[in-house]
Each structure stands twice: as C-alpha cells, then as structure tokens.
Amino acid sequence: MPQKYTILTKAALPRFYPVGKYATIEFRENCAGSCKECVKKKCVYDIFKDNYLHMSKMEEPEYLYTCNSCFRCIQECTKGIFSRVVNPEYREIGDEYWTPDVLNRTWYQAHTGSIPVSGSGYRGPFVGKGFDSMWTDMSEIVRPTRDGIHGREYINTCIELSRRPERLAFKKDGSLAIVVKPILEVPLPILFQQPDFGVQSREVLVSMLKAANTIGTKMFMNAADVYEDLIPFGPTIIPLIKKDTFKNYSELIDRVDMVEIEYEPDIEKAIISLKAINKNIIISVGLELRADLDYAGICVDLSKMDIDTIHVYANTNGREFESDNPRFIKDMLRDIHLALIDAATRQQINIIASGGISMAEHVNKIIICGADGVAIDLPLIIAMECRLCGRCKKGLTCPVDLESIDPLYGSNRIINLMGAWRNQILEMLGAMGLREVRRLRGEVGRSMWFEDLERESFAPIFGERKVSIDVG
Amino acid sequence: MNQIKYQLPETRHTPSRFRNTIGKYIVKRNSNCISCGKCSEICPFGVHIKPDHHKSPFRPVEHNCIGFDCKNTDHYCIEHCPEDALTLKENPLLYTMGDYRWPPEMLLGHFAMAETGKAPHVDLEYNLGNSGGGFDMMRFIEPDPGVELTISDEEIDTSIDLNKTGDGRPLKTISIPCYGGGMSYGSTALSVIVGRARAAKRLNSLTCTGEGGYPPQFLPYKEHVITQVATGLFGVREETIQHCPIMEFKYAQGAKPGLGGHLLGEKVTKAVAKMRETVVGSSLFSPFPFHSVYSVEDHKKHVDWMKEINHSVLCSIKVSTPTDVDMVAIGAYYAGAHIIHIDGSYGGTGAAPDIAKKNIAMPIEYAIPKVHRFLVEEGVRDKVCLIASGGIRNALDVAKAIALGADGCVIGTADLVAVECVRCGNCESGRGCARGIATTDPELGCMIDEEYVEQRLVNMYMAWRKQWCDILRTHGLKSIKELRGRSDLLVHLDYLDEEERRKYQPAPRYKMVL
Amino acid sequence: MKTFSHLHENLLQGKFVVTGECGPPRGANKAVIDKKISLLKGYVDAVNVTDNQTAIVRMSSIAASAHLVAAGLEPVMQMVVRDRNRIAIQSDIMGAYSLGIRNILCLSGDHQKFGSQPDAMNVFDIDSVNLVRTVRDMREKGKDMSGFVLDVAPQMFIGAAANPFADPFEYRVIRLAKKIDAGVDFIQTQCIYNIDRFKEWIKRANDEGLTERVYILGGVTPLRSAGMARYMNNKVAGMDVPSDIIKRMDGIGKKNQADEGIKICLETIEVLKELTGVHGVHIMAIEWEEAVAKIVEQAGLK
Amino acid sequence: MITASQKPINEIIELVEPYKKVLILGCGTCVKTCFSGGEDEVAVLASALRLSFKKMVRSIEIEELTIERQCENEFIQEASSGIARNDAVLSLACGAGVQALAKQFLKEVVLPGLNTTFIGIQESPGIFTEECSGCGNCSLAIFGGICPVTRCAKKLLNGPCGGSQKGFCEIDPDTHCAWHLIIERLTTLGQMDNLKTYIPPKNWNTSLSGGPRKLIREDHII
Amino acid sequence: MKINNTPKLTLFHCLNSFEETASMFDGCEMKTVKMACSSMTKDVHLLRAFEAGSDAVLVLVCSDKGCRYAEGSIRARKRVDYVKTILDDIGMDGRRLKIFNTSAKDYGSIKNIIQNTILELEIIGPNPALNHFN
C-alpha cells in the first residue's frame, strides 16, 4: 500500500501561560482557612495546585488559566468565598474577528495537535456574519464513501498550483499532442504566508518555513526577506515580487519553483520576462480585493494569461480593502468563481484565497465558495503563542518573546496546528461524503446558506422578512 | 373530547446538591449585623433564614432573592435592616456563565424549576436564549382575548400518540409531549440514566438507552425505556429489544452528523466494558453509517428484523438534518417507521468535534417545517409521529416546535440542566464531568443519586407542563395535539413590521465572551 | 559599710558562720516554734525559717520568723515564688521587714505535686532570680517593681540557694553568677555529701571570681539513718548521696547510725572550713534540731 | 483551633538577621485559619523581609514553603530538604509546631515567627476569641457551655464577682461577663439549679499547674 | 545608592476603575496591572511591586458602593492599610502605597492622582530598597 499522507504531530507545551478565560475572585478574609472540604484541594482539574506554585513565585496576578468552568469551587466552598470573572486580559486579546476563543483554540491545537472536542451542544449564536452564516451539509444514509473515522485516510487533500491544461490532445500514435507543464501540487489546501505585521525575526520565519517544508506545503514571503541563509528552504518559498523590482531577485527566482507577482495593470509583460529568467517557474499573481477594482473581471483576464494561480487577498478579517461597507471574502470568492466559470477558464486556473481564514472550517467553506485552497498568516504566529495584542506594532516587547523562539519548537507548533486542521477538514469531507478536497471546490450543493434556509423554511410560515439579512 | 382529569405526578422540593447556589443577585451581610433577625422575619422567599434556636442568621440563600423588584414591596430587607448590614447586587458571576443558546438566566430558571416544580419566582428569562435566531426570535401571537378557556391544568391534555400508523401495534401514548433522548451508560453516570427512567415512569413518558447497552437497573422501568440501536451496536441484545416498547434506530446525531460516536478509553470502565461487550480502557468508536445500510431497502430490512423480534415494538428512526431531510423522513416512513425523529445540529452531545457542532447540517427550526410540510404534501402526515430534537431547551421551545409541525420533542440537555449541568462542555475531558453527571469516574460518578434525578426531572416537566397549559388555554386549545402545525400561532420578530414587533418581547441580544 | 543584719555583720567580719533551720509547724501552735528556738539559740548565727517546705501547708514563714525575732534569734526568712504572685511577694517582704526580719532567702519552691495538696494551682509568677532582683531593687533603689518609690524600703540581707549537685553540672556556676548579678549577698547550698563534686564547683566559682562577690554557706544535713541516706539519694530531687556514704551508714548498727551521721557531717564541715570561698555552713537538721548543738560544739564553731 | 499572631516585623528581622539563608515555613492548619501562618502570610512576610534587607543593603535568601501541619512529623518531612539547605527556619506555626520542628531536626536553627495566643474560635470574620484554656477537667456541662475558667478573668467558679456591670466584665467594658452569659443561658435552659450547688475548688493538677502534661492512649501504643 | 530619575509606579486597577491611555503617564515609568477586581490585589502583590522596584504603588478601585462584588473596594482598602503598616515598620514609608476610588470615565482625576503621586515622591524619595544587589 502506498504511503498515505499524514501530518505527524507531537505535543508541544506552551512556553508561556496561555491567557485563560477565567479568573477567580476570592476574598480570603472570609476563608475558613484549613477547611477539610477545601475546594482548592478537591478541584477536579487540579487548578489550584498549580496556582499555588505561581503564587509563591508570582510575577503576575493569579489567574486560573486552566479553569474549566465547572463552578464546583464556587458552589462547594464551605464559606462561599469564590466568585468568578472573565479574565480581563482575555477580553482584550485579538479583535472582533480573531476572537479570544479563536486564539485559544488555535493555541490548543498547536499545543496538542488534536482537534478541539467538547461536550454539550453548540454554544454560539444562531447565525453570524461571514462564514457563520453558512452550514455545510452532509447526507444521511446512502453515501457509501463515508466511513466515519475509518477510511478517512483515503481522503485526498491535494491541490494543484500549476495550470491545468484545458483538455488533452493526442496524436495519432497516442502520444500527447500538447505540451503538458509539470504539475506542482501541495498535499493540503493550505499554504503559508508571511504575516504583514508581528515579530518577523529570522527564528519566526524559519519556524514557518521549516513547518511548511515538513508538511510539504509552501510559503509566500517577501523576496526582500529571503536572506541567503533561507535559501536551503528554496522549494518551499514562494517569493513575492513586484513588476518594477523583480529583476533584483533574478537569482532567487531561478532557484524556486514558484513565484508570486503583485497584480498591476499591464502585468503581462512582466510575466513574460519572468519566464525568461526561469522558464519552468510557476507563477501566481497576487491580487488585493479592493472595492475600487473589478476583481472578478481582472481574474478572468488573468486566467487567460500564462499564469498558474491567482492569489486573492482580503484583509486580515476577510474583508474587502478600501471600502466603507466591505464585502466578505466568501461572497467575493463566489463572484470570482462564477466569473471564471462564465469565462470557461475556471478549470485551468487555481485560486488561492487569503485573509480571514482563522479556523479549519473556513478552509472548507471558502473552497465551497470557489477557492482551490487558502493561504494563512496569522494562525501561524498564533500557533507560536502570539496573542494578537498588537504591542509589536507599537514597538513594544512581545509578551511571548516570539523573536527568540526556537525554530524546532515553533515549527512543531505550526505542524501540530496543521495536523489538527487537516483532521478537521477530513472530518467535514467525510461527513459530506467526499473523497477529495478538489471535489469540494465550488460545490455549493454541499452547503446551506442562511438566507436560503430562511426563505425555504420560514417564508411560507411568517411571510415576508422585514429585517434584512445581514450576513456579509 | 371527553373530560379526562390527568393524574399529575407529585412535585417535591428538591434542593441543589451543592452547598452554594448561584443566584441572579448577590446578597451580602456584613459585620454590622447584630443578628436581630429582622430580615428573616420579613423575607417571604427564604433568602434570610434564622431558625429560632440560632443566634445568628445563615448566609443568605441568594438564588431565592428577587432582586431590585423587591424595593417596591414592604419586605425589602436592604431598607429594613436597622444596621445597614445588607447589600444587594446583581451577581457578576452570571457574565461567566452559560452561552448564547443557554444564557445564564435560562440555566438558573431550569435549576429553579427542577427544585420547586414551579416557574421561578425570580425574574429570570428562562424561555428565550440569546442566539438571535430560530426559536429565540419566535413568539406566540397575541391571543384573541375571547378564545381563552377557563379550565384547570388537569383538564388540559398534553399527551401525544406515538403510533399513528394503525398497523395494529400498540397505540403508545405519553402524557407529556416529550421524552428523553439517548444518553448511554458509559457517557453518563448510571444514577442519572436510571433516575431519568424513574422520572419517565412517573411522568408516563419515555427515556432512551443511547448506545450503551441496557443496564439491569432499567428493568423495573422497562415500559418506559427505548432501546437505541446505533452503528456500533454496543450492548444491543435480543432481550433488550424484546422488552422495550420502542426501538430507536440512530442514523446520525444532530450535534455530530456524519461522524461516528467516540467514547474515550478513560470512560470505558469495567462495568461499561461489560455492558458494551468490549475491553476495559479501549476507546470505542461507532462508525458513522450502518455498514449494512446503503439504501432505503437495506434500512427497511433493518426495521423488519426488529419488528420480527418484538411484535409489539414501535420503531423510531433518528436522523439528522441535512438538506434532504424531508426525503429521508419520507423514506423512513415507507420503510415502516412509527416515529420519525429529526435531530437538529444545535443539540447536545457527550463529546463532538467543535467543527461538527457548529457547521454541519441545519438547525432544527428549519427542519421541522420542512419535514412537516413534505409529509403533509405526501399525504402521510397523520400516519406518522414526527419528533424533533437538537436544541429544544425549554417548554416554549417545545411548544414552538409543535406549532411548527412536530408532534413532540426529545429532550436531552435540559434534563441534564435539571440535575445541575452548567454546560461547561468538559463532558469527556480528564475524569469526565466535574459535576458528576456525564462521567463514569468512580468518585465523581457517585455525586448524584437516582431519587434526586427522578424528582428534579419530574419537577421540571411539571413546571413545563404549566407553561404549556397556559399557552394552550390562552389560545383556546384543550389539547397539545391541536397545537401541532399551528404555525399561524407563531410570529417571527424579523418578519414583523417595526410597530408590530414592539408588541412582543424583544429578543435578548447581547454580546458574550465565549 | 552598711550592715543589714547580724548574719551580714558576722560574715563581714570574716567569721565562719553557722545557720540553722526551723520548720514551722503544721498548725498554729507557737509552742513548737518556741521549742525549736530553745534548741538553736546560742549555737547559730541565724536560723532559716522555711516557707511551706515541700509544699506542705504550715505556719507562714513570716509569722514564724517574727516569733524568732521576738525571741532574739535572727531569722533568715525563706520565701518561695510558688504561692505568691509579685503583688503578694512585695507586700510580704515589706511586712516582714516591718516585723524586724532582716534576712531573706529567695527560692523557687518545691512543686506542689509532691506536697499535701497537689490539686492546688501554682503561681510561679516570677522566678527566684527575679525575686532576688526585686528585693535588691527595693533595698538599693527604694522602689517596688512598678517603680513606685517606697517611703521606707525594706533593707534586707539577700540570700539564695544553689545546688552544686543538680544537672547539667556545667550550668550550675553560670546560674550562680546569674543570681549574684541579680544582687544576691549570700548563698546556701544544697546538702553536701559528694564532697568531690562540691570542691569542683567551688573551684570553678573561685576561678570565676564569684566567691569574692558572695558569701557561700555550705549546706549540711546530718543523716539519721541509712534509710534516710537512701531516701535522700533516690527520692529527693537534686540530692546526691554517694554510694560510699550509704555503704558507710549501712555498715553501722541501727542504734549508732545517728551518731555516724553526725560524724560524717562533722567531717564535711572540717573540709568546708578549709575550702577557699566557703564562708560558713548551713546546718539543716530536718526535724532534728537537737543535733545542731552537738554539731556546732563538736565542730568547734561556737 | 489554636490562634496566633505574627510577631512584629522588626522582631522577626532581628531574629533572622544573623542568617544568610532562611526558610519561612508556614503551617496550613490552625494558623492559616487565623491568617497568621498560611501560604499568603508566608509570601507577605518573605516579601517584607526581602525588602527590608534590601533596604539595609544586606543580602538574604528567603525560601518559602507551607506544609499542611507543622505539629506532625509526617508532614514535617516534606520540609526536610528545604530546611537542610537553609541556615535557619522561621516557623510560622504555633509554639507546638515550632517545637515539633526543633524536636525533629537536631542541628537546625528554628525561629518562631508567631506569638501563639490561645485556643479559640473565629467568632465573626476577623474576630477570634479565647474559649478554652485546656484545664484538663471540663465542667462546661454545669455552666451551660460557657467556660468560666477561660472566660472569667478571675476564673471564678461560684458565681460572678461584684465587679460586673450591665453584663460586661470589670476588666474590659467590651468583654462580656462570662458569668452574665452563663446565667442568661442557664435561665434559658432552665438549669439555674446548677448554680445553686456549691462548686468545690478546682483540681488544677490536670492543668499546666501539674507540670507539662502528657496524653497517653495505651491502646494506641504498640 | 543609585537614584533613578524617572519615578517608577505600579498601578493595580480593575476593569471599571481605570482605562489606560498613553498620555496619562507623563513623567513616570508606569506598569499597570489589570485585575479581575482590584480587591484581588493581595498583600503580597503590593509588596512584590516594591520588590520589583516601584517607587510608589497605586491601587484604583471602584467606589465603595460600586464594586461588583459588593465589598471588594472596602476589602482592598483594608488590605492596603495593612500593607502600609508593614511598609512603615520596615522603614519603607507607607505613604508610597495609595488607594483611590476612581471610575474609568473620570480620566481627569486619575491623571491628577498620578501627577500628585509623582510630586509627592519628590518629598518621600525613591524606593529605599531599590538598586541594591540581591
């Protein structure tokens, strides 16, 4: 049996206490002191045990980082001296989109390499914005591909980055009548991308490259940041270049498999001269999804050029750039995907989406919306314990000392995260009855959308909806 | 309709298992207190207790406090305290409790109902969640004042029939429009599931084994225990099918549709392993599909097999809610199901990948009308009992689900909340449930006794029944069967004009830290 | 230099002094005291009046001492801290002085456990060193313990006990020094039988220069019988009766044992007389006051 | 429980001054309950000592440890290595705890950081009162559960002295006259007859007056 | 003794008593510690702040009646008073520890508090335990 693709994970303990969700409030003055029943001794999760340890070393106030919220200490304390509060620091990390919950779960996955599992039901709002306004679908009985936890290893998560021929043509003797370019593929629909802020020390970059290298994916990074000592990672690197300056990096371009050039009008000439530097190079064009651009149209134009992949960028929260009322990446991708189908070029070109991909489920959902794969940036640094506190933007020190991270450790964390993500992708593909992630692309039939469900199920009962649906 | 008086099971005060209860308000007594006992004299809710033979009052029983509304009464302890020793605050603990679907007040409300058997006297919003959609946006319309009936709760029929096919098998009737969802021996403490069975007997309803076998402790209540057959077939034996009134085929679970079950090795204790005929400590997977079922025909074979083993058993088919749930339902009916049980995606579970709970399949609110309508169109609606589950949290959710088209509901999470689950979600981490509910840990598993579970559940359902009776009465209905499919009695706030909407209680929508 | 009592005067003059002992009766019978006075008068320089010795209730030492004063015999009033707190102690000292008592011996006192009333609560408010200091402060500073200036402050010649035979031996001299620092004028030692050990002790005291600062009266008790010797060795705390002395007593017929006891006593006195730093003897003829005259005469101390 | 209060910090500073490495050893039983020797107090004292030594430009190494009970060898063992690597142990336990340490560790310097006060209870949060003096001969049954030996300043056994006024003790107008309380309570209980009988002098032999006491349970000695 | 020029302050505060803004700390080096409730500032936290080299430590709490936990502010004040006595006892000067009832909205008075503290430090002097080896 051929070796199947797996991502080997290995637990990597956090270097710093993760920002926990809860803090206890405890007025010791009312404490019975040496109470035999002390809930601190009896905590099922042994939280207080550790807490005493940092109490005596104490560099920071006593938060119960690992409180699992069972309320027993609060309900069983003989004097009722406990109360609880959401850790104020927890409230402050991340933002609206990269919520503390997202960060926490990412940390968990990077730590353990396992997928987040919990009991009880779903805890969130009925429906949310963006990705939270769609559900993926599964089928009940009659889909033989779905074997639960068994057989999942047969699901293929490969995607291509190289252009696909429109159709094959054969000569009379059966040999190929067209030139088939070499195929460049990555074993999972996730590429890495250098974050546009945060600590960018060599250690951080090497951690990412090392992880990408290990799991066989690639990483977009600024050509200017590719120092000589990163060259060993050559095939893993996709340098980002610009029309005006790419010639400065011709040596680098010659040594990599793939390169990305930023979209500018009249990009075609640059593409031709790129090919002159390295004729086998796979070319991606990076396109910012700006409100003032007809990006769907541009993509159609690009798809007709001699390029392989279009990499569309939304902002970190998955929103359109330069707009007062920015659209969300899932809707933008739908447009692009459909425009390419109309132009009959969708099959030939690959679309990589980036921006706002913060959880594994987003990968599947954006693929359903029409992307081939995604590029992620922030999850990489979050895996390395970044708290998105933004201190580095102000030139302050990093609370988790990212600049000096050991690349072996850093890559371990990223690999764990990717292992967990891939497992979740498989989980969903399995539930949907798909054997290949490529079959998911544009497959809106495997999804349900809030607006559709409301219309189908509720409109016949409640009539016309008066509150407009705001899921963008 | 004849005037039946229903024998209601007795409710009994069943206080919390825990020393400190959680209240919406906090009441503190400081050292100015001179133990005069004034507060305990005036408080009608038992917040302040000072037995005659005690020198000083007990710590305030905060969860009984009605809060600032008390100001307008003549028993507001804060003002009556001669020493200014009392303080009243909203309990900030509530900000750390619950979630969008089960906000803290709904949890506390259910605790109170399970304790007293009555609606809570504290101003808790226990009928509406904070999810901003689905049931939380639906309201029963303002009833026509003329239609209200003046009959007592006992005269209102809240029973539903489970067998409508007329196939000669028993017409199983349960006295409340819900029964207990599957919770397996192994995922949940034995005392909890046996307690549920005892409650089911008292309530004349049902509970379900889940996929964990049939502990002998169920036998005294066997008329009220459904045997579940799921893909792992754990613990399914001929005799368990022979003595059950209803057999449930589980094709999928709403919270993790498309995924199999997974019982962590740690939970597989000796007793669990014996029940499931497996090895101690090894993780147990239920595959997702039945490997013997690849078509509706295969499924029918399954059902026939079961009907053959037990000639009086009814058959329930539990499926989740994909887009084609309506087709699945009709297929199940034609394969011979008496009950079609659709399980929505927001329901509870012992353990599921977070990615599944949130993202796969549709919420039950959409699925009920979809299936109901399809069954009506196919002309078989009155031949089959449609049961909804997965995110049915309270009495009003049940009523709304029925009005949307279900016959009744299956309740899981609310049962656990009645025995003081706080939905912390750690059902399977470490030693299992810290509150002793979903655990087989030898120590934690002994935190609950059956009688407590039984009575708390009876209390909660009796409180729910009062709510159902109120709804039925105000809308001029005598039986909950008449409510089924009466979606005309429902409104959805998002489908109302601004002005119209103001007549109804607004939907709670506040931001929570999750 | 001021002299506080005749005992003091004798010692100042360098006389080898002799003190005796008078145990008050277990009752209010003054005749018992009178009898003892008659036995001792003329033979000793002063007489210790014990204070509820061995915690057996007796006539108070103040009253008994007052009787001695009236009879013209100088008492050394013993005072234990077991039964009195500091308030009672100071007031008793003042009272005693007003009754003409001029010598005081400051003691801790035997624990009541072995006495007649073991149920009693003991006091031990201050210890004997502090008692010495208190008496000294009254005498020298004219103040009571609270610092209050007394119009007439008792001027007493202050004594204390020392036991060279108690363990740990190393500490005994340190303790002596501590008492001297507290202001003690004279020391009466525990009964001496183990003469070697006593010599060692006095040598150390000499080496430390202590004997120049205090008068030491060696304690002697004539043994009445071999049984008494054994009893004292075994049952009386802090007493050291060497085995050769016991043997010596055993070797004598019952009738003559008392004489032998006196003989041993005289031998001891002879040794003491020669030792540097010993300024006299304290003869504790327990309930055998008749022996005192004999000893004093035979030792040539009269 | 046994109550204690922390010695004035300056006294403690003097105690530890001769040593370079000091272990502050807390006790998690009684003295924790009266807020004088638990983890928190150990931490506070350690911090205060470090500060004051820094201020004196003196170096001191302080280690912190709190064990469950200092009066039992089983628990003391936990502190063994900590004690061994320090020059002195500052014990935040009651006197029994300090002595138990001194008994167990032959050569180590053990310093008391607390003043042991009494056997008492927390009457209300933050207020501790003495309730028992361990006289070894309990007669609470006669006195309605209120101990005159401990709570009457004069240890009177046959009724109150003439100094009590309005229910308060003559020595302190904030202290309830124990006898007042006894009489009140016996009246409630209908047991005033208890006080009519003569109560003979107490046997103090069972208290500390009888010398240090020993409790022997033969059945537990093998 | 090395005297640092800019005073170092540590500020313990809860969510409701303070909101950080950059311009507030002119003239001092400020470390802010956000607590779930300022009353969770234990005695030892305050002392440790001095050990870490603060010249003054401020605790901001809600008004006595405004504490979400009913009595947190009062407790915090009592605890601060206690630590002051320790500081006085060891000669650190209890005046360098202060507690104020503030509200996050009252930007002005918090700024005043900080500035007054800095002024006062000129009289009290820097942390006497600062800058010694150990």
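Labels for the chains are A, B, C, D and E, by order of writing; each one numbers its residues from 1.
Here is the rule we use: contacts are C-beta pairs under 8 Å (C-beta built on N, C-alpha and C of every residue); 3 or more make two chains touch, one makes a residue touch a chain.
Nothing here was measured: the structure is a model prediction, and the numbers come from that model.
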Treat touching chains as neighbours and tell me the shortest step distance from subunit A to subunit D. 1
Listed by label, which chains are in contact with subunit A and with subunit E? B, D
Which of B-D and D-E has more C-beta contact pairs: D-E
Subunit C and subunit E: spacing of chain centres that average the CA atoms, whole Å: 67
Counting in whole Å, what is the centre-to-centre distance of subunit A and subunit C, each centre being its mean C-alpha position? 98
In whole angstrom, how far does the Cα centroid of subunit B sit from the Cα centroid of subunit E? 50
In angstrom, rounded to a whole number, how far apart do the mean CA points of subunit A and subunit B lie? 36
What are the residue numbers in subunit E that touch two or more other chains? 42, 44, 48, 69, 71
Where subunit A touches two or more other chains at once, the residues are 28-29, 55, 58, 83, 85-86
Among the residues of subunit D, pick out those that touch two or more other chains and give their numbers. 40, 43, 125-126
Touching pairs of chains, all of them, please. A-B, A-D, A-E, B-D, B-E, C-D, D-E
Touching subunit E in the complex, subunit A uses residues 23-29, 55, 58, 60-63, 83, 85-89
With touch defined as at the start, can you tell me which subunit D residues reach subunit E in the complex? 8-10, 13, 40, 43-44, 47-48, 50-55, 57, 59-60
Touching subunit E in the complex: which residues of subunit B? 26, 28, 30, 87, 89-90, 92
For the complex, which residues does subunit D have touching subunit C? 201-205, 207, 209-211
Which bits of subunit D are touching subunit B when the two form their complex? 124-126
